[in-house]
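Chain lettering (A, B, C and D) follows the sequence in which the chains are written, and residue indices restart at 1 in each chain.
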Amino acid sequence: MSHAATVHSLWTAAAAEPPVRIPGPHIEYAQLSPTLIVLGAALLGVLAEAFLPRRVRHHAQLLLTVVGLAAAFAAVIALAAGGYAGDKARIAAMGAVAVDGPALFLQGTILLVGLVAAFTFAERRLEPMAHGRPVDSFAAQGAAVPGGEAERKAVAAGMTTTEVFPLVLFAIGGMLVFPAANDLLTLFVALEVFSLPLYVLCALARRQRLLSQESAVKYFLLGAFSSAFLLFGVALLYGYAGTVTYSGIADVVGGTTRTLDPALASTTGNDALLLIGGAMVLVGLLFKVGAVPFHMWTPDVYQGAPTPVTGFMAAATKVAAFGALLRLLYVVLPGMRWDWRPVMWGVAIVTMLVGAVVAVTQTDVKRLLAYSSIAHAGFILAGVIATTPDGVSSVLFYLGAYSFVTLGAFAVVTLVRDAGGEATHLSKWAGLGRRSPLLAAVFAVFLLAFAGIPLTSGFAGKFAVFKAAAQGGAAPLVIVGVLSSAIAAFFYIRVIVLMFFSEPKAEGPTVSVPSPLTSTAIALGVVVTLVLGVAPQYFLDLAGQAGTFVR
Amino acid sequence: MSFPLLTATAVVPAAGALATAAVPAARRTAAKWLALGVSLATLLLAAAQLVRFDPDAAGPFQLTESHAWIKDFGVRYDLGVDGISVVLIALTALLIPFVVLAGWHDADPLEDSSTRWRPTQGFFALILMVEAMVVIAFEATDVFLFYIFFEAMLIPMYFLIGGFGDRAGERGEAETAAQRSYAAVKFLLYNLVGGLIMLAAVIGLYAVTAHQLGTGTFSLTEIVQARADGRLEFATTTERALFLGFFFAFAVKAPLWPLHTWLPNAMGEATAPVAVLITAVVDKVGTFAMLRFCLQLFPEASKWATPVILVLSLISILYGALLAVGQRDIKRLIAYASISHFGFIVLGIFAMTTQGQGGATLYMVNHGISTAALMLVAGFLISRRGSRLIADYGGVQKVAPVLAGTFLVGGLATLSLPGLAPFVSEFLVLVGTFSRYPVIGVLATVGIVLAALYVLVLYQRTMTGPVAEPVRGMPDLRVRELVVVAPLIVLLLVLGIYPKPVTRIVDPAVEHTMSQVHQSDPKPDVHVNDVEAAK
Amino acid sequence: MNPANYLYLAALLFTIGAAGVLIRRNAIVIFMCVELMLNACNLAFVTFSRLHGNLDGQIIAFFTMVVAAAEVVIGLAIIVTIFRSRHSASVDDASLLKL
Amino acid sequence: MENLIGLLVLAPLLGAGVLLCGGRRLDRTGHWIGTLLAAASFVIGVVLFADLLGRPADDRELGTTVFSWVPVGGFRADVGFQLDQLSMTFVLLITGVGSLIHLYSVGYMEHDERRRRFFGYLNLFLAAMLLLVLADNYLLLYVGWEGVGLASYLLIGFWQHKPSAATAAKKAFLVNRVGDMGLSIAVMLMFTTFGTFAFGPVLEHADQAGEGKLTAIGLMLLLAACGKSAQVPLQSWLGDAMEGPTPVSALIHAATMVTAGVYLIVRSGAIFDAAPDAQTAVVTVGAVTLLFGAIVGCAKDDIKKALAGSTMSQIGYMILAAGLGPIGYVFAIMHLVTHGFFKAGLFLGAGSVMHGMNDEVDMRRYGGLRTYMPVTFVTFGLGYLAIIGFPGLSGFFSKDKIIEAAFARGGTEGWILGGAALLGAAITAYYMTRVMLLTFFGEKRWQPDADGKLPHPHESPRTMTIPMIVLAFGSVFAGGLFSLNDAFLKWLEPVTGHAEGDSPLTATQVTAATMVVLVVGVALAWAQYGRRPVPVTAPPGGLLVRAARRDLLQDDFNHVVLVRGGEHLTRSLVYVDHTLVDGVVNGTAASVGGLSGRMRRLQNGFARSYAVSMFGGAAVLIAATLLMRAV
């Protein structure tokens, strides 16, 4: 009997049966608590926006955010202590979310990053007072036309966009799910959940709003474009395996799946679907990671977005996206390692080189850091490709180390200001070392960490990933990585030269004294950078224990 | 658990650096004295090492300290000294006080306008920091530990070169600054690239050990041991690749032709004391590392590469000397002279004879002292006239005889005149080379003629002849400057006449290295029994 | 008829959408093209779900619509702000950030 | 006794240290301190000499090892001394003549405010020279070898404010360095051949080594000797060295240092005996140089340069003798000693003449000085007679023997060498007579000096004349004393050994021949300079004359080939270093920058072009993945 008929009969048969009672989903709230707490806090934040008087909002929101994130972090710790990072690792929420070592490690990192980022969000001492009221670096009213009547009113009223806090909480919520997602649907939803708030946040800079908005548009359009790719990839994989859960797909890939209805042979197990689908999902993730050739949004968005947001994005997004990438490659596609590894090799090499080379001629600090982040994405990819437990732990470690350096660096950028707001053009940084040695020294530390000079976290991380790559048989990647870090060293050094060895300009920027908030962020960055550089063992152990995925 | 002498020797200057940096801007002089005191304290510790060190003790390393550090990377905090390193540590600790003293006024800010910017404190703090890192590098018996400080010491050096220079003189302030930061960047990039390539090799080493020993390790002794009892065997190509990775970094640092061009810029632009720091202290780490790591980790590859390396070092010797002759700038001239000398050192190391390697080690010490003497006096001269061009001088010996005299002694040491320290080492290197590679030995000997040429030309153009106008009324060496130079000259004489104390310590270590490389000296044709030989 | 054809249609729609993104200048249109791509995905999901005979695909399609809706909200908001400040919705005009 | 040997070296060394580091406060007494210490070491020398004489002839060797200098592996260099008849002879010559010249310098350098340093340098030289002749191994000898080079450098360039002096000093040191290179290579060869370079074992086992090695060693030693003793081809520095103060020329560049080469060869006799080819090279060099120097000596108008040429020539004789092996060793040393006396005397005489003539050196501007400075005239005259080999005076005995030995070499070689030696004797007679006539006879040809005042010659002070007189005695009687029943031969034989060659000519025939050529030479000179007046400015002269005036163009050769060539080489290398070696690196950096700039332009700010790159990327990614599966 014809193919279609079979399907039809099956269909009607299904309908003919008495309606089955659909069991209510069973949710392990405890194990999902970190995410739930953050999202809950975000919702409260929205309510606060609605009902709290404007005066108290800022503090209320800050408090809410900090408490929420801290609580979530505590929950993560509790789970890890409860052994979920190890033997008790499991799939929760009907197979939607994994609670295992990598997930918890990354969630912890994201939460800490979010916490520190929240501090920089809340900084209100840098911008000059607006009519006696302290304001942060976000637009007085996002919707108002730049330089328009509404904006002037909003400024006069000393309005501030306290919505950023709930937004960032939503984003964090999404990021928590992203690396833990255990089926492609959750992956997609989480991706959107953390992307959409970021699009908005990008548009909310107080100064240079045109740039800010432009960056938002670009980020949004390209982001949507990429997520479309991802979704189509999901569709194809679904078509391939008939399921979207990682384990299910992995089974089909591994050929260990139960016998299928021969009628479906045309789709199921059709490798073309698998390969194309997998590639398209990768595209979506590589976009978020900022790997070449999906990197082009990075510099523009990093430059246009408000610097605290940039810092947050650069740090947290990378963590989440790499987490998801790891899980996808290690849980879903290990069976087809020999298909994607060469491709990823290419991507990693191109990413490292392009990031390093293009950065050489940058003239804007934020763009420079953007390209440097691209180069670093390449380094991390080298670790990802290792496909060994060492590879996982090294990547986890690198992400932890890198995110704090990045946060710190961008936090420093927020402090160097002139009349037009932040002075991000490199020429204005000339002689900064003479004006304020301390700040310049701190920034130099971050740059050296980026450059991977020994005794900084950057070196430990780089060594870890390269070591994993070398052991994973990717020696050429190590060579390329070494070369590109040599190139990269050049432009980090250039900034240092600029700060210390060139005479200060007459009307150069001033370094404004931040509130304890930003100071803490920077200090934390320095501390982590040095500690992970000098005594990384404890954190390596942590990453090492968190190195195995559950499926 | 005895007193961790090695750690202390590194920690004291490091702590001193931080303390110096912390001295308030106004108390400039205090910072200087503090730095001097710290450097002297370090010298005491180094002396203590020499005392505690027993040349005849069994085992490669002494005064060892060992602590776990980064388990995941197989990295341990392993310190230990053999005869070679203990001597070089002593040299370092010995030179730093002179460097500090010689640079006493080099970092005084021209105007006391800014209160936050504290160049003086920074200058001396950086010097001490370099000392600390160099000392650790000499002491490390863990490849990774060594690598870390081998790389890290670039940063303070970089700031020293780029941040402080001679007064502008004829060239405008801007021009000078540009030149200086170019030199600094060049220095850093050259060495960084070298270091990164070495990093690849280090990782490779880990991969190999991890693969064959189960757990990756960087401990020199462990690897050597494992190779000895066959648990660890490098594939030929692997060993060669790793060797090249290591050697490249060291060759840049040394520096060996054609990787040398950063040195003249760096030494030319930096102040004389910093130049001394570069050539007499930091660069020694490179040659030292060839002896300790290249040869001991990769004996076979070392032997394989020997011919090429010998030729390169021969080129360095002659090329450096010839370029020195062609220089118009005093400091650059000395820099090229140093390149020539480093050629001798590398030659000695890879000649694979006791004389060669012992001579090379001795050479490192002597070259350190002689270059320090010459360079510092040159610095004093330059500081008086504000120009580095040879052409701007003439007839100095008429107005400043002591300065000229010390300069001449330094020069004679540089051309390794018998009776002064460098002669002994240079001759040992030549003999060591000659006894295995006669042709190269003979060609290298040509270097001593060229050395005479550039030294004497320099002396003639600057010191002799009619007194040049700008030189007129130039003050002779001041007390502080004499205090710097005199001891160095005395040392040159003493070590020239009685080098035994040093050779005594170095010899066993060299023997050990030789045994690592499975090399023994060639035997003479005619067997003259030792009783007679000893006569 | 062979359900594979629906897949071809989906692929076609997806490509058309992608091409639209690459070709059209107006932000709104580009955005609509993205929506088209998403809907192509939906079609694919539904088709596959039909082929596999399980409902996951159809459910996913609903999720996709919701997400798309959310995207519309954000997207339009952003595009509108930039339109109001620039009086143009052409993405090519928004090219201050470059090099 | 042994300890005294060390003292011998230490005394002048101490003097050098004190005088050079002492500072201005020693300016008044410095020269006396120097002289005293020199004299002291002479006294010690005499004491040791007495001690040696007191011993049986075969046991006249004192040895002592002071300390082990450089022990590295199998390489052992000690600081040890060895005093045998050979060294003793040198010690006496060095300290004796040295002390005299110290004394002379007291007067000569009276008006120089840097006199203290001058004496410091002189003492330094004595110490180094003594070390050279007393060392018991080649490496220590090398130390002394370069030490005298340094002293000579410092003394030639003593008047550093004169660029010519500075240049001459540099040249001397450099040319010597070339020789030193030979010596160091020789030492290395010894080390690789014998495993040691102490005199004892090396010379003892010399015959056991392969002849090739020995020849190599010998040639290297010869190279060293050429450098130090100004033999062809490394002779060019000696003429310029006359820039130094005259006492220096007398002591270092006539009596002692320049003879070190002879010492080296005689000392290493055992090696040369076993390497005939090396010996041939030695005699060739000697013969060539003795003619070369003589010819140059004829053409120079500068009195010191003329004497310098003569020195070269005389040392040529010694080298020739030394090259003849056991036949000649003794006579080489003997001539060396007598030459030390009369040549030093001649130089001191020249110095005293210059002293009287406001430092005028051009002989054509002298003339008729015999009446004005009688003492100088007499002593100089005696020296003159001695050097031309006037019967009965020192030179006669020593040089005659050498000519004999040269013939005794036998075969055509013998004839050639002997002929060369004879010819040399003739030319010597000629140019020395020329010097004599131009300086002391004929009419006054004095010219006003730079600041226009005519010289008024006068006899020099006592401090200067006394040494001249003493040396004159030496130049008269030394040869005779030595030849009294072959005293000198017996004295040296145990060390150097001696053999009688079979000369085709009898001793008397040789003597007769020498006399003839001597007369001829003198007659020629008289004919040219005695009979007719001498033009104040030198006539253009023939090709040979002009060549000879320019040291037979040898300097020009050096200048063109070595100096010019070297300059070009260095200049081009500097260029290479800057453009090539450095250029490559900078080029790489620049190209990376350029690449970066170009890639940067891809980031053109248009969202759609970004989308294009994404789309393309996705396409490539997918294609690649499929491809991977396909292959």
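By our rule, contacts are C-beta pairs under 8 Å (C-beta built on N, C-alpha and C of every residue); 3 or more make two chains touch, one makes a residue touch a chain.
Quantities reported herein were computed from a predicted structural model and do not represent experimental measurements.
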item	value
Chain pair with the most C-beta contacts	B-D
Rounded Å distance, chain C centre to chain D centre (Cα mean)	97
Separation of mean Cα positions, chain D and chain B [Å, integer]	37
Centroid spacing, where centroids are CA-atom means, of chain A and chain C in whole angstrom	23
CA centroid of chain A to CA centroid of chain D, Å	81
Where chain C touches two or more other chains at once, by residue number	18, 21, 30, 91, 94-98
Residue numbers of chain B (touch at least two other chains)	189
Two or more partner chains touched - positions in chain D	589, 600, 603, 605, 607, 611
Touching pairs - complete list by chain label	A-B, A-C, A-D, B-D, C-D
In the complex with chain D, residue positions of chain A that touch it	217-218, 221-222, 225-226, 229, 271-272, 275-276, 278-280, 282-283, 287, 292-294, 296-297, 299-300, 338-340, 342-343, 346-347, 354, 357-362, 487, 490
Parts of chain B lying in touch with chain D, wherever the complex brings them together	189-190, 257-258, 260-261, 319, 322-323, 325-327, 353-355, 358-359, 395, 397-398, 405, 412, 417-419, 423-424, 427-428, 430-431, 434-435, 438, 441-442, 445-446, 448-449, 452-453, 456-457, 460, 463-467, 497-500, 503-504, 506-507, 510-511, 521-528, 532-535
Residues of chain A defined as touching chain B within the complex	393, 433-438, 448, 453-455, 459-460, 463-464, 466-467, 470-471, 475, 478-479, 482-483, 485-486, 489-490, 493-494, 497, 500-503, 535-537, 540-541, 544
Touch list for chain D against partner chain C, complex	600-601, 603-608, 611-612, 615
Footprint of chain B on chain D - complex, ascending	20, 63, 65, 67-76, 78-80, 136, 139, 142-143, 145-147, 150, 153, 157, 160-161, 163, 166-167, 170, 173-174, 177-178, 180-181, 184-185, 187-189, 191-196, 198, 200-202, 204-205, 208-210, 213, 566, 569-571, 573-574, 577, 581-582, 585, 589
